[in-house]
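Structure provided below as structure tokens; questions to follow.
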Amino acid sequence: MSSTYGNKIKISVFGESHGGGIGVVIDGLPAGETVSMDEILMQMARRAPGKDKTATPRKESDTPRVLSGMLGDTLTGAPLCAVIENTNTRSGDYGNLLACPRPGHSDYTAYVKYHAANDIRGGGHFSGRITAPLVFAGAVCRQLLAKKGIQIAAHIAQIGSVKDERFDPVDIPAELVDRLSRSSFALIDTGKEAPMRDEVEAARLDLDSIGGAIECAVTGLPVGVGEPMFDGVEGVIAKAVFGVPAIKGIEFGSGFDLSAMRGSQANDTFRYQEGKVVTTTNHCGGILGGITNGMPLIFRAAVKPTPSIAQEQQTVDLQKQENATLAIKGRHDPCIVPRAVPVIEAVTAIALLDLL
Amino acid sequence: MSSTYGNKIKISVFGESHGGGIGVVIDGLPAGETVSMDEILMQMARRAPGKDKTATPRKESDTPRVLSGMLGDTLTGAPLCAVIENTNTRSGDYGNLLACPRPGHSDYTAYVKYHAANDIRGGGHFSGRITAPLVFAGAVCRQLLAKKGIQIAAHIAQIGSVKDERFDPVDIPAELVDRLSRSSFALIDTGKEAPMRDEVEAARLDLDSIGGAIECAVTGLPVGVGEPMFDGVEGVIAKAVFGVPAIKGIEFGSGFDLSAMRGSQANDTFRYQEGKVVTTTNHCGGILGGITNGMPLIFRAAVKPTPSIAQEQQTVDLQKQENATLAIKGRHDPCIVPRAVPVIEAVTAIALLDLL
Amino acid sequence: MSSTYGNKIKISVFGESHGGGIGVVIDGLPAGETVSMDEILMQMARRAPGKDKTATPRKESDTPRVLSGMLGDTLTGAPLCAVIENTNTRSGDYGNLLACPRPGHSDYTAYVKYHAANDIRGGGHFSGRITAPLVFAGAVCRQLLAKKGIQIAAHIAQIGSVKDERFDPVDIPAELVDRLSRSSFALIDTGKEAPMRDEVEAARLDLDSIGGAIECAVTGLPVGVGEPMFDGVEGVIAKAVFGVPAIKGIEFGSGFDLSAMRGSQANDTFRYQEGKVVTTTNHCGGILGGITNGMPLIFRAAVKPTPSIAQEQQTVDLQKQENATLAIKGRHDPCIVPRAVPVIEAVTAIALLDLL
Amino acid sequence: MSSTYGNKIKISVFGESHGGGIGVVIDGLPAGETVSMDEILMQMARRAPGKDKTATPRKESDTPRVLSGMLGDTLTGAPLCAVIENTNTRSGDYGNLLACPRPGHSDYTAYVKYHAANDIRGGGHFSGRITAPLVFAGAVCRQLLAKKGIQIAAHIAQIGSVKDERFDPVDIPAELVDRLSRSSFALIDTGKEAPMRDEVEAARLDLDSIGGAIECAVTGLPVGVGEPMFDGVEGVIAKAVFGVPAIKGIEFGSGFDLSAMRGSQANDTFRYQEGKVVTTTNHCGGILGGITNGMPLIFRAAVKPTPSIAQEQQTVDLQKQENATLAIKGRHDPCIVPRAVPVIEAVTAIALLDLL
């Protein structure tokens, strides 16, 4: 597998959802910096399940234990390892998945690639649960970014047919960034929470699930982060974001809307504002030639609906080699978008710290 | 900069649009395989400019010279270096760009990052011209993939308001793949060529440019290519595709449309068909858990309009530190989408060969 | 820091000698292979301290706990994480090291690089104790190599003035390899154990330490492992071996003796033997042009004396910025060579599995 | 193959000795720095053959042409590509090598790994000639290091039975460094030139070749370069040095002599000298815990005798599958040590610039 990421900051994620524990090793952190464990736990709580009806009723303590790399709240410069024990597991729920792969899930491809050895219980290493260590790592990285004035905030851009407002791409208030980056149901227009929850509840009652989208902004980036071509900011962030399960698309700035635009419209005009070069629009999402231009970095990510649904589904039986019908029991989120918001922020933080 | 890509197959691109030459080193190719230079030249001709009014009138011979790695038409296993001399250059056209960055272009970010040292003439290393070596490298890689039965074809999905048909995601005929992969204005519905050219011509007459989108399909992939998490197929291809200038978004399968879907709709049902596991739909774009599932791999990429337009534009003068007006002379494509099609195919070939 | 190694098999080591725990994440292992935990524990026992007077009296349980990547004795293909808890620590012993760096140790360079943040207690991440996870990882890798017929064995080539016999470079019996690879005081000529122990005991009684050398052989390698130039077998193994603390030199085959040889003597003559190409001598150590030639791979590594000695030593006081005198208390091996033997075997196994 | 090196500074070497040309791409160089082409040519002249009887009579012009990455004498920040055309080749000399591998050379391992595809003419990619691009790259890197006060100098430590003096490990005069780094037969004690040349001439008259050793020193390094464990300075330099053909051993500081030392002797005592921490001896070669300590970095490398000798040698015929006799014609150095000195300096410069 390839559960490592990064060049200067190297992240190595391990764990299967129903194994002994999950965790992350972060190599390359600067010695002597302080990190608040409270901030880390706050971020992990945003991702944790069981908070309400949009999420799986499975409760995890998810308390990370730091084995190395910190002395008190200070980074020692040695690799930081954090482990989260797996306690609340019900493997019995996953009995027949090995034979009958869940549509839309990685059961089939993992079966072919890793054979019977794949730990199918709870999705194995493919489980959304391994995003917990990513949030831990991101929570460390974002604190280091914050000391340089760089802030990251994402929100639920869309769930089903309900859309939140979008960021004003040239003016993102610090208060908004702060609020979103602490919210567990992050919205610019909080009035959209009720209709979004309705959409999720309707899917749940239909034994179904629902997809969505997340918009993420980074403020305070200096000009000049990123490299042209293969280490351009778009490519580096995309690789990190596609490392999050269920993400199927990413667009920067005006993204796919640029397909129908003219250059005269898409080109962001440069202006001097208080002695600083700014752009009056931000169709490029803060990135020109793979390099940040000092404006907010903005991207959107598409989140597919949770593939594990309670409805009976058609699939195949790989042992009998015939078509089959599957009813998934287990406990699953009808909509993972709210919990995916801090995960997207986390991998963005990891990617940017690696680039800086 | 970071102009290298890959782990097993390592690509190192060099050259500035108006320097002595451009080229690529490909390390890790298998010894003893034969490669057709005619196929390579055919692919490079698809990207070459000057063919018609959609493209820049600048004519480049673009004939690559292989310095190493091939004996006749056989790969030796040593790094393959191909060089394309730069002959037809008119640097005078780029006189005032160093002071006045073109909106939408990398002039400003490159200026801040690389200072006056950046070779601004013709866009330097950021120029679209350095996609020529990428097409060379891709043309080698796709021939090696073809021997394993893997074919890559892309088409112009959209230019401005005109859209081509989309691939049938579960049934892509070999004839279509073959035709597209040799076409210089690749369309599924060739009836869309005229309205697309009209769109481009209208932009050109307005001294403007126009954006678009490209859809790419890969057929014949085995089940099991890619790794979960950070070396998932989505992330690896995205990093390669965002290495192409002007790409601002990528989506796999149904991509952003998944945001509004239910799981019962988005999950691709598994069925046995002639003893083989297939899916009846392909919303996942042939990738589950970062790993190919044996169905066609399909993605779409958003292409922003060429930032270099002949209209007068507002910008800044970085030397005088004041607002300024800019009129770009030079020679520029009003629409780069047709020429970007073989480039997208090329980087996809490079990414997949690296994964296999 | 950089505690990661490898391309296909990625090793990430973490832990400080007196932190919460130490361990390793191994990414890229093949799914479905079985691994014997008894074999792993046997290898770890060879490295464990406290067995006799050559080693530190500190006793560690060193029992690894596997958090992920194994189901029973089968590799799942997911990253394997093993953690060893730190239990028996006496941090008080290390009080004044932060101010007064131990000569020959990394205290000073770590102080400058990581400042006060470095966890000096027990040597922090620089401690020899973090070789325990390396032995764990190597014990997994060597079992996978053994299934391909590849065996690794090292022995104490030298301690102080006492030298063991050297391997017959063209004929290394399987029985010898087997015996050495399980021995905790590995010698070809076991009659050298007594004089070597005498040498160590003499150093210990003088409150001193003693250096040595280790010779390592790999049998059963196919022809063709390794790549010319920067991924040649010599370079890849050297990078792994220099990752082990206290190693200051490595030579392959006849190594530095080649400096005084003629080509007619150093060239290993090729011959057919039972239909197979062999060499009649093995001055090249089984590697030609960075690639294995099918003969035993043989190298020697120089081990410096343990820098922590009980004698009073001259050093500096970095806080008072003046010369100072230091007496190290703690518990330290007078000779680490016997315990380093399985570590050298381990990193060799990791390096070779990564190359294969 | 793997002809790439580095993380921040990425070197990609290409070319076969008798192909169209050889060269190097250097990615990651800082924009705006100036580099003297005269200095580069001076370094390349040191490595060039045909100067005297120690070297092959083959004359190469070896004039590099810079295709990209420089404007005048200024680095643009884009990848620098330099090409050296191959002009003076006599492939006919290498007729029967494909069938009958030269003892001590990579013919056999390359044959097995790359089959008939390997370009055997002149050793293909394995040829010593591809060290010319390494010297080019090193000549760029060392100029950048020199601006930080870091100097690199190596000398012929040994040829056959004749040894040069060794560096005073704690005091290496700038004049000596300067003289050696420009010399084409670099010796501390120039009185050793005559006996060394006699040794080489004696080997040549016997149709034989002779090995040697090179000692290399780096002065002006700050404290704190390198990372513990796998990116320790020893490992990083070793990987680069073993990338040079014919190198079979490397030792840092007192190296293998440490095997017989006591800790009290090997530990380098710290002292304050003019307000700076120094060591009174330098057995560690300037590296503690993988990190530079501010003292001169010193290592020695073993060079095997040129395997191509004019004497008739026993080998095998891989086509007839029987033992055979081989007489190599071609033109070959009886001793490559003098020409290898600037190559060792070059790869050291590349490795250190990558680490900094």
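When the chains are written out, they are named A, B, C and D in that same order, and each has its own residue count from 1.
In the analysis below, a residue touches a chain if its C-beta (ideal position, glycine included) is under 8 Å from a C-beta of that chain, and two chains touch if they have at least 3 such contacts.
On a predicted model such as this, the values are computed, not experimentally measured, just so you know.
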*asked:* Given that subunit A and subunit B are copies and touch, would you call their interface same or different according to whether over half of its residue numbers are shared?
replied: same
*Quick one: which chain's Cα centre is the longest way from subunit D's?*
A
*asked:* On a C-alpha centroid basis, what's the spacing between subunit B and subunit D, in Å?
replied: 39
_As a quick test, compute the distance in whole Å between the mean CA positions of subunit A and subunit B._
27
_Gap in Å, rounded to a whole number, between the CA centres of subunit D and subunit A_ = 46
*Quick one: which residues in subunit A touch 2 or more of the other chains?*
1-4, 13, 113, 125
*Mind pulling up the subunit B residues that touch subunit A in the complex?*
1-5, 13, 101-106, 108-110, 112-113, 125-126, 130, 157-161, 203, 206, 208-213, 223-224, 227-232, 234-236, 238-243, 245, 247-256, 258-272, 275, 277, 279, 283-285, 288-293, 300, 302-309, 311, 313-316, 318, 321-323
*asked:* For a test of understanding, state which residues of subunit B touch subunit D in their complex under the given definition.
replied: 1-4, 10, 12-16, 19-23, 25, 27-28, 31-33, 65-69, 71, 74-81, 83, 113-119, 124-125
